[in-house]
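Letters are used for the chains, namely A, B, C and D, taken in the order the chains are written, and counting of residues starts over at 1 for each.
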């Protein structure tokens, strides 16, 4: 199951097999939580920095059956490297490439579709963000050292025009460089980290707090 | 556990053992999600097209303990093939046979009983359908390429007169050939696909969105 | 782990090791569903009919760690057989013995503590019962052949005076011999069957419908 | 995975490997329930009574990947023993040491972060406690022999000043020595026991009842 590409005539890059395995196991865990229904969601890691090459999940795979050879390498423009030209990455590939361009410390990007991300993003679209405050687990986001903090999670309108959305994200990220995640309405969550452990921690913080926020809307 | 029937004097058909195994594993997964309580639910695949023979789950089996030899072959009229005449399929067998007759591309039919399908179908019976819109995962239904779509899931009244219900379904399906699933009030969901992967994807889309719809009814 | 008692001088009965194993595996499944928190709940099967001897779960065991040797034999009065005199069965033992006395067809009794059984029994105590109707899965209870039926689940007040509660149950059961389960307020559910498969089916029907009823109380 | 320290020149204490294994397995179970998101939560057991030495979980570990060698020994003041001076325990270490000082019967302390503990503690902070009554499973707390009891779970304001919080807890615990758990607002639950089985039972009782209380706030 580990993918090793020897044909260096075609492609100077070989996929990082340890990271490919790590991402695959993370996808299985995400699927077991119900956050990747119906072949949805996409995931990537930075395979090399210079030139920027990313490993990203192929489109349309049941995440319960994801394997390392469902990963493909793409360049900074989102184009598959030659060895992967027969594969198709997600329509949302640009949302990955833009973030790797903007922040060289980002190594892993996770995009999930939970129930709570889906419906809270619909609810808070008009407001443009979801506010999280007075939660101890906010300390799990980046460099936050106290719960006495208010974190806003931006909510973008859903669109099939991913290039425009990517540029909208790029602008907002430059204005809010501490951002650790964002929502797309009726769609899902993007979060990331400097390694797999941090990306997973961010995902757990945000999904936990989305469920907290939802549940507090339901009590009388 | 794989069922192979050698007695060709009795029966020209032998069950497709690969598909039997695939359906059995899907039933275990469905059961693990809580969508097949108390021996309820039924499942089938098309075993041969000409003549039309279906493999369908035997009635009354605990789905946690389902095995391939709990599958039986039936003909287009729902009658067990001779080798299976000692077995009984579900009372709802006609709901399967009608759909295979109407659409030769359907290869797999899944009928589940989730909490959300049960209670939302009760709620929306008077209205006759449940409307789903502004969800990215709607793209997982059939040929939908955008979230900017409204999908209606028909809701039928529950009845023990399955022949009449089957004909009601047949009429509606001819009028709405893009339909990928329907609900029966207080009962559950039917969905299907051209293979196991598509049928599972449709089931995941619909169960995910039923939960979304339910949860949005609960917040204030 | 299978319990075999050879000392026939002390005790004419030996525990049915197949049933002991079957009950133990059912307890693990019940625990995995979250229906037996904090060492609560109790379970039994009829080990012999004449004289009536029951195998019942020892009190105070973490159900995640239940083993067949946590089962003990008791006689019709609830007294441990001599080989088990060092063990203690639940305070609720009489609720088991009364039912085996009243209905010789009952072979298995399951008493669980789910969230929904706990809070719905509190809610419906004043009314004295919970009404279930218009659900297809009601067909999983006993001899019901249609969903067009209304089933009432009695709710008893919780008490530590189990002897009185047992006699209250006995009276109601004689008046309602089709009863397949009852609730005790703030406490949990009792259900049963003529064998393990039927008892499990009744448990799944009732827990499924308790969750349906709860969820319908929450939507607006 | 079992940690054995032979260097007795550095450290008179060796970690109790049986207890280290028992706690590690309990942490895995707690994680599987969703009660330890995003590297949060901390756990300890008393490794020796005289002098008082505690084994406590190292800070910042993903609880899905916790191993026995993520445990470290600390003295009564919360200072790591020499062999563990390269490790860092949680900022909340004092909340453990104070309780071991106050009650020599406490052997295990569990601090979890469930959804329900997080949001109910926010809700009941102004009131200062959460009242639990009319629940059979309250019998699983300490020496309670009946459900006819009202148990109050104190709620403390969240703070990063753990020393002050520890002394506030110490005062309240002396006033309420039957206390078996408390909440910190927007943060989580502390509970404990004289051994692992009792601590787990207390955790299950309290999490079960937090969910019951939450769910009763949601129905109309």
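Operating definition for what follows: contacts are C-beta pairs under 8 Å (C-beta built on N, C-alpha and C of every residue); 3 or more make two chains touch, one makes a residue touch a chain.
Since the structure is predicted, the reported quantities are computational estimates derived from the model, not experimental observations.
Peer 1: By label order, what chains touch chain A and chain B together?
Peer 2: Shared contacts of chain A and chain B: no chain.
Peer 1: Interface overlap for chain B and chain C, more than half of numbers shared or less than half: same or different?
Peer 2: Different residues, largely: of all residue numbers at this interface, under half are found in both copies.
Peer 1: Quick one: report the Å distance separating chain A from chain C, using the average Cα coordinate of each chain.
Peer 2: Whole-Å distance between the two chain centres: 47.
Peer 1: Could you put a whole-Å number on the gap between the CA centroids of chain C and chain D?
Peer 2: Chain centres of chain C and chain D, defined by C-alpha means, are spaced 33 Å apart.
Peer 1: Which residues belonging to chain C are in contact with no fewer than two other chains?
Peer 2: Counting only residues that touch two or more other chains, chain C contributes 218, 220.
Peer 1: Touching chain C in the complex: which residues of chain D?
Peer 2: 29, 134-137, 140, 145-148, 197, 200-202, 204-205, 207-208, 211-212, 215-216, 218-220
Peer 1: Please output the residues of chain B touching chain C within their complex, sorted ascending.
Peer 2: On the chain B side, the touching residues are 37-40, 62, 64, 113, 115-116, 118-119, 122-123, 158, 160, 184-188, 214, 217-218, 220.
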